[in-house]
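The chains carry the letters A, B and C, assigned in the order they are written, with residues numbered from 1 in each.
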Amino acid sequence: MLDNPRSPPEAGALCSESLLPLELRGLSLETGGRRLIYSVDLRVDTPGISVIMGPNGAGKSLLLRLMHGLIAPTGGTILWAGTPMNGEIRRRQAMVFQKPVLLRRTAVANITYALGLRGVRRNERGLRAFQALQLAGLERHAFTPARVLSGGEQQRLCLARALSLDPDILFLDEPTASLDPASTLAIERLLIDAKHRGIKVLVVTHELGQARRLAQDVIFLHHGRLIEHQPAPRFFEQPESDAARAFMAGGLVL
Amino acid sequence: MAGAFGRRDFLRFALAGFALLALAAPGSRAEEKFIIVQSTTSTQNSGLFEHILPLFTKKTGIEVRVVAVGTGQALKNAENGDGDVVLVHSSPDEEKFVAEGWGVKRYPVMYNDFIIVGPADDPAKIAGLKQAPEALKKIAEAEAPFASRADDSGTHKAELKLWEQAGVDPKTSSGSWYLETGSGMGATLNTAVGKQAYALTDRGTWLAFANKDDFKVLVEGDDKLFNQYGAILVNPLKHPNVRAKEGQVFIDWLTGPEGQRAIADYKIDGQQLFFPNARPQS
Amino acid sequence: MLDLAEAFHAALRQTAALNPQLIEIIALSLKVTLAAVAVATIIGFAVGGVLAVYRFPGRGALAAILNALMGLPPVVAGLFVYLLLSNAGPLGVLQLLYTPQAMIIAQVILVTPIVAALTRQTCEDLLEEYREQLRSLGASSAEIVTTLLWDGRYRLVTAVLAGFGRAIAEVGAVMIVGGNIDHVTRTMTTAIALETSKGNIALALALGVILLAIALAINMALMGIRRFASHFAYA
């Protein structure tokens, strides 16, 4: 299950072909007369961790939500392996948000709940949930009310829940923004582990250090536009755009 | 194992609870025999029903359920078919009820009398007067407070007739010394006592009333204070659901020797409240 | 005159004596109100949850109507049900007038808007936190409703108890549709009204004290539940 890179599909899913490449063509988002995302053309076709970066207000979180289908674009298309975004595809993805979102139940119940939504059989849920908890080092908190856990433990639980669903694509929106270093390290280790198991990870972060530690490639946004999309080493050594350079230098990018 | 009291258990518990409540909810008791009698608050407040109805049920096995409202409402309810028998005390309205076909026949049952009660200090000085309209006239002249039921009941209509005979229209002073409570007899008496106001009441309610304060019976005995009760079977031709057979059994009992004796036997503090006067059955 | 202390003692004496008539009245009050609350809860949870989660035309209007119905005077609800159940009315054939069932129906009309409106509020508050995550996890709208209802269970207990409080204390509806018939449809509140109209103020007060005691007990149970819940961060 969680040890296999490519596990058998859940009930009703598409066959287990890759969802990559992800292609955004002319993707735009406009609300209330304001353009938030400007005609983004992007192609993500390599495995591993892609980091989405940019100054505040660049539209990183919005882009993530568009990719996951939580928001509908006002223009352009999103294609996963040539197929437009749909419910089936979304079921093969999972997302972790900046603030942990957990139900008022025990830790393990939060995971079995998600598995139940996916249609996993009742007698399988417990086992898979426990495996996920073990992966995240939370097994001794299994029956603790989830919302009583610390911030770092809660976020690890959210990530464990996401991983228990055996997704092809994992989105994370600033997952360690408010966590202590130890929890941050734990989360990053889980992401690297996920990468090794063949899960494609797209993570938004504003922390350069984290980006350097995790990124295979970097997607840099500014003012709702895609400014750069480079393999990580090239982006960090020689960013092409002024905005990226200013960002890396630590200054305010207007 | 996950969670001591999970959602499934909750649902099961809730379903069991509802099932239990549904069973516990009182059934329609359709198998028991009963009739619904629309009667007045004054009759109920006198306690008469608690005395005579058990005797009827013991004899016939028919339960009598009394809905006590004002006379106007009792007759209206009966017009809607929401009762099997009406027992009220407003002859003109009762006769109209039968004439319009809502009731089968009107049987006189009993009478009691109205009295005028008031505070011990009697500001209008009506104590001992023999003529009720004269007493009312003095109250109006003194502008002493007077509490009226003003609810279209038998008592209220009797009161209005007395004002008419006194040549006074109290409604013009409604809100100043003439207080129109729009309530049953007991509530009106509570208001009267609270405001130290005079009131017209039936003797039955007054004797049973527990909140008299220092009030006294000031005017009684006038023929015009005579209060006749009639019983009418609701017309089953207008409303097929009327329990005509049992209803008639009740009326026959009320107007027969046993019922009439039961009515006469009812006393408070040794005083008889109602005087049976049914016409002998042929 | 009116002695509250005397009324309190009278209440204790009556309860201690386990006066069968008193027991009968209390039992009927509880049966009617609990049954009404049970039905109103099922309907109210469903309506409130759906209103919070689903988007459909007329949603706003329905929510406004629900809020307005919370203030429906009990006597108006009673009148409405009377007109329905009267033999001259559309449902007269059911012969439900002047029965406890009619009283339950009238109280359901009073309690459902409260439960539904408070449920909607609770679910909307929860939805703000959960909406994105639940959609990410792939929950359908129906699944979201049931998830929110269970998740907000302790807050919803408050909604149910608010409904209970409204029903156990009202007299207007049960008086009109029940008729205050001795041994059949006489509840605590209609008994209080009757005893008051007979001038038995002390007895009426005693009944009132007992009614307050019941309401107090329910509310203390509520406080206990909420304290238990917050211990587990389930509140």
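Note that a contact is a pair of C-beta atoms (placed from the backbone, for glycine too) under 8 Å apart; a residue touches a chain by one contact, two chains touch by 3 or more.
Predicted model, so just to flag it, every value in this text is computed and none were measured.
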| item | value |
| --- | --- |
| Most extensive contact between chains (C-beta pair count) | B-C |
| Nearest-to-centre chain - CA centroid comparison | C |
| Chain A-chain B separation of Cα centroids, rounded to whole Å | 77 |
| Length of the line joining the C-alpha centres of chain A and chain C, rounded to whole Å | 46 |
| Between chain B and chain C, centroid-to-centroid distance (C-alpha), Å | 31 |
| Residues of chain C touching at least two other chains | 153 |
| Touching two or more other chains - residues of chain B | none |
| Residues of chain A whose C-beta touches two or more other chains | 105 |
| Contact footprint of chain B on chain C as seen in their complex | 28, 31, 34-35, 38, 42, 86-89, 92-93, 95-101, 104, 150, 153, 179-182, 184, 194, 196-201 |
| Contact set on chain C toward chain A in their complex | 129-130, 132-133, 135-139, 143, 147, 151-153, 232-234 |
| Sites on chain B touched by chain C in the complex | 7, 10, 17-18, 21-22, 24-26, 28, 30, 36, 41, 44-45, 49-50, 65-68, 77, 79-82, 183-187, 189-190, 208-212, 239, 241 |
| Chain C contact footprint on chain A (complex, rising order) | 65, 68, 70, 87, 90-91, 93-95, 97, 101, 103-105, 113-114, 117-118, 145, 147-148, 165 |
